[in-house]
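Below you'll find the structures, each written out as structure tokens.
Here subunit A shows up in two complexes: once beside subunit B, once beside subunit C.
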Partner chain A sequence: MDDRSTDSDPVTASESSILDTLGEDVIRIVSPVSLCMLLVVLLVSSLSSTNDLSSSISSLFLSSPPTSFSSLNLLLGSDSTWEEIKSALITALSFVVVVTLLTFLLVLLFYFRCTNFLRIYMGISSLFVLSFLGGFISLLLISHFKVPIDPLTFGILLFNLSVVGVFAVFMSKFPISMNQGYLVAIGVLTAYWFTMLPEWTTWALLIAMSLYDLAAVLLPVGPLRLLVELAMSRNEEIPALVYEARPVDPQPGDRVRVWRERTDVVRIEATENSTNSANVQTIQETRLAVSEEITAPLIEPFPQTGDRHLNTEEEDDGIGLGSSGAIKLGLGDFIFYSVLVGRAAMYDYMTVYACYLAIMAGLGVTLLLLAVYRKALPALPVSIMLGVVFYLLTRVLLEVFVVQCSSNLLMF
Partner chain B sequence: MTVASGVGYVLIALGPAFSLFASVIAKKPFLILTLLSSTLFWLMSLIVLAGAWRAFLPVKSTELWPYSILILTSVGFQEGIRIGFWRLFKKMEDMLNAFADRVSKPRLFLTDKMLLALAGGLGHGLAHAVFFCLSLLTPAFGPATFYVDKCSNIPFFLISAIIALGFVIIHTFSMVIAFNGYTEGKRKDQIFVPFAHLIAAVITLINLVPGGCNVGLPLLCIMAGTTLYYSWQLVWRRLTEHQTTRSSD
Partner chain C sequence: MEAGDDRPTADVESGARLRLSAVRSGGAVTWPTVDGPLGVSWEEAETYARRFFLWGFALLPLLWAVNCFYFWPVLVSKASPSSSPHFSRIRPYVVWSSIGFLIFAVLLTAWALTFAIGGEHLFGPMWKDLVMYNLADKLQLTGWM
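Right after this comes the complex of A and B.
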């Protein structure tokens, strides 16, 4: 079977092949997600030999009963597995309940047009994450690597970095690379914080959040869906911590696509002692280059005005999007992916690789599903479920097999 | 034996893979996606094999035959899967061509197809190196090193890094050979790939014999070199034929 007849003429290869630019947007989302996961894995593996300083700091910092109690119990060794599972389920359930209530509160506030209040709240929570969590984790790193730095310098640096971070995240005139960098940093810090929870709690939390995600976006009474419909009907943007995968140098007349993914509202109050919020945006329409079934315009260069026209026509499908039409991925998704990989890193690196591949596959499947169904879909469930499945399979099946083969120097 | 040696082992196993990635694959985003999906594919085949063999592990005997059955079944399964992978690849090629027609850009060049095969093969090789070598390298970043009984003159990490290097090369380029062979329908290419894989895997069986790794490692490197040479000849031939048919039109 000779396929030379279907080959193009390489002599006129001065025109680029489709392979050059296809999948660019996906890579622009995959890279920061991978970077976030890599940083969390590095943090976890370098700080995992926790000395007394960190465990004492963490027990100082965590003032709430459920998690610290069970972690203290674990430290004292008085917890049986069944107790752990019970406390994990209770913690996860309470977390989901709190998040649901807060999302409904958010919908209410958005309904009453208290957008300024929401923006200020988000600014304060990012400041909190960057300064307190960032400071705490920097202290852990400094004590672990014995970095010589005095408190005054540390204080000034921390203050500067956090304030610039808050501005970078919320002012639109800031360079996009700083915005993206700080969002990844916030994601890393929050994800590392979550990995400090006990093991069963982390897994229960991940599964509970992905189920909540599924319910909140797909059920007609779900808060996220209500929020999206509200924003759609008013043609407004929800104030949110969202990663926008714009290229760093935007070209004029760039291909414009309407593609967004949803995020999560993750707000933890006194129960978890850290605050971060990411808001929701819907997945409107999307198309993935490889799927033939898509009829959505794939690569048609829209001028800027045409893009706005496209938006208003598609009002019933989605909200108006960012001015450059880039993909947006919510920070909650970043955080939970990294939490899963970070927790896998606490076991072994083999699980890290397997979970990383599973999460990437889940992300790809979600994008494909979006291209096929063309309506709002949650980004967490598929990836988290695949990640958990691969973690279990690796831990139970793969590890024994590979160690058996490699220790006898048998490879294939 | 410290971070430096750990990083050194990683670079021995994955150096050529990294340079291939940086020079060829990182430039085209679609190839990165192909690489990720083929890595996932290999991982899934490995999990299936592990699941199938779980009941019989750990193999306690030091005899040769359980391990040879293990190797034979694993290689056979993976080579069978390769045909499935090629079918998926053909489907993807058709979709890409249809997409190219729709946006009135040229269809896939021959070099594009070979690049896709290369990315697929590199994904397989990367998965092998990661799961068989890198995941066991964590102790190497610490203060000591480890020797296996059967091969007590080379550290275990170095052996596994060199074997991983050999297999990265074999996997990467045998995918190029295999895809070309299936596309053109040439028996010789189609037979070469499973053969090469099988021979390479059987060579690692030599490592079971005490002192066998001194023979096994060079043989494996020779096998990797053979695969590399064969694929080089194949690609050269294919490209020059393509060029001459083009210019004769």
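Right after this comes the complex of A and C.
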């Protein structure tokens, strides 16, 4: 990290250490992740009482039957759980395959310098997410809470918020707080949409995406690694959706977006007439263009002016460091963390707390590894694996324990 | 640009504190934007202020609000001999954006409150057809995803 004078510690200016600014840096990346997770949990818990709506919608588009049918089938002796698992695995696998293909397509487009096309495409998909998905979710909220808003006000607000959101995310000079706020909003909306998938599919998807992330960033043939190396060799900027924490010590002339950004946008577009015979149901689920992450490791020694020790710029699918030392985290990581916590919220709040702690621990481990290796690193695998393990342990073991203790008035 | 060379005297940890420290005690501003050294420079600020102002006319009053928020140091301080020459070129756009946004906000709030508070008492049975949750059910707006 760079030399800087301390703000809170009574240490002389000459002996600044990494600890002086590390806390602030970590807080600045942990807060938006926590905020995103909190908002998704709030949305899930407030809208889950309309369970019939979401489960009926998901049963329209997804292959697995609603839970009432599966319990009936269990009574009749057929193993529909196994069917659910099989369909979940197929869904997750096809999702990963589609993501890989799209990432390679992205690399190809970037190779042929179609950057403008990519930027326009990402702008359109952000607009889509903010307006359609945002409108859908706010309509769900309005219907649930019976807010007496009229269509004119609603239309004006939705139009304004979504168009300004697209500007905030893609214009180079925009208030940083609004840019960060809109990135979190896009993460929340997409994560909530993902939690509307059936249970087994969500878990299979999370595990598959974290394995894909690991492979794509660290393997030499990984598409994200190729993308970053391409951008590095050309000294160009990848159009992407990346959350960048505000640097702790901004220098004048130090522009936040001068360095490369990782492409953290994944587009899954399913055809509306799903005529694909093989993956009819699976593609039917992903009807929207969804933000996904593309991790690209990037190591680049920058000749820095001034007293900067941090010369490497690492961008990573999950996590990286900007040229002023600010931590960058891909939007896809926000989304998948929030999907995990949102799905945990659908069971009970106890699993939410356990998964939140697991994800934060995983994020801390990833940051530590980032500081040690100074390379682009995938942020998904550690957190998601820890989160899944803690979810299973809590649901299977801890809940029984706590319920027994509480019902015997031993511990609350 | 002399303004760009100075750093704010207060701590620069957060954007909110930056906003306060961007205005020096003499009333002149060092940075044109709330982002301080990370924001736009004085030279480019006029382009951005004008762009936000003009695009706001496309039924986007929120852009006017963004304009006021982004150039808040320019809005709250007055022109002084030590401020940048660009200051007086940026300020009209920001001031007119704030006026436009305030007018629009008053109008929209008045209409929204009339609709919400008046309800059926004021509008009659038409209110039930117009209110958003009934309209969404009727048009099946939440059923397609």
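We adopt the following convention: the second predicted complex is superposed on the first by the 287 of 412 C-alpha atoms of A that agree within 3 Å, B and C clash if a C-alpha of one lies under 4 Å from a C-alpha of the other, contacts with A are read in each partner's own complex, and residues count from 1 in each chain.
One rule holds for everything that comes next: a residue touches a chain if its C-beta (ideal position, glycine included) is under 8 Å from a C-beta of that chain, and two chains touch if they have at least 3 such contacts.
Just so we're clear, the structure is a prediction, and the values are computed from it rather than from any experiment.
In the superposition on chain A, A:Tyr353 makes contact with subunit B only, not with subunit C.
In the superposed pair of complexes, A:Ser407 makes contact with subunit B only, with no contact to subunit C.
Of the two partner chains placed around the shared chain by superposition, subunit C is the only one that A:Ser143 touches, whereas subunit B remains out of contact. In the superposition on chain A, contact is made by A:Glu24 with both subunit B and subunit C.
Of the two partner chains placed around the shared chain by superposition, neither subunit B nor subunit C is touched by A:Tyr373. In the superposition on chain A, A:Tyr111 makes contact with neither subunit B nor subunit C. Residue by residue along subunit A, subunit B and subunit C are tallied for touches, and B comes out ahead.
Residues 7, 24 of subunit A lie at the contact with subunit B in one complex and at the contact with subunit C in the other. Contact residues of subunit B toward subunit A in the complex are 27-33, 36-37, 39-40, 43, 46-47, 49-51, 53-54, 57-59, 67, 70-71, 74-75, 78, 92, 95-100, 102-103, 105-112, 115-116, 128, 130-138, 148, 150-151, 156, 159-160, 163-164, 167, 183-185, 197, 200-201, 204-205, 207-208, 213, 216, 242, 245-246. Against subunit C, the residues of subunit A that register as touching in their complex are 7, 24, 53, 57, 132-133, 135-136, 139-140, 142-143, 146-154, 156, 159-161, 163-164, 167, 173-178, 193, 246-256, 287-288. On subunit A, the positions that touch subunit B within their shared complex are 1-4, 6-13, 15-24, 26-27, 30, 289-292, 298-300, 348-350, 353-354, 357-358, 360-361, 364, 390, 393-394, 396-398, 400-412.
Residues 4-5, 7, 11-15, 33-40, 44, 48, 59-63, 66, 69-70, 108, 111-112, 115-116, 119, 130-133, 135-137, 141-143, 145 of subunit C are the ones that touch subunit A when the two sit in their complex.
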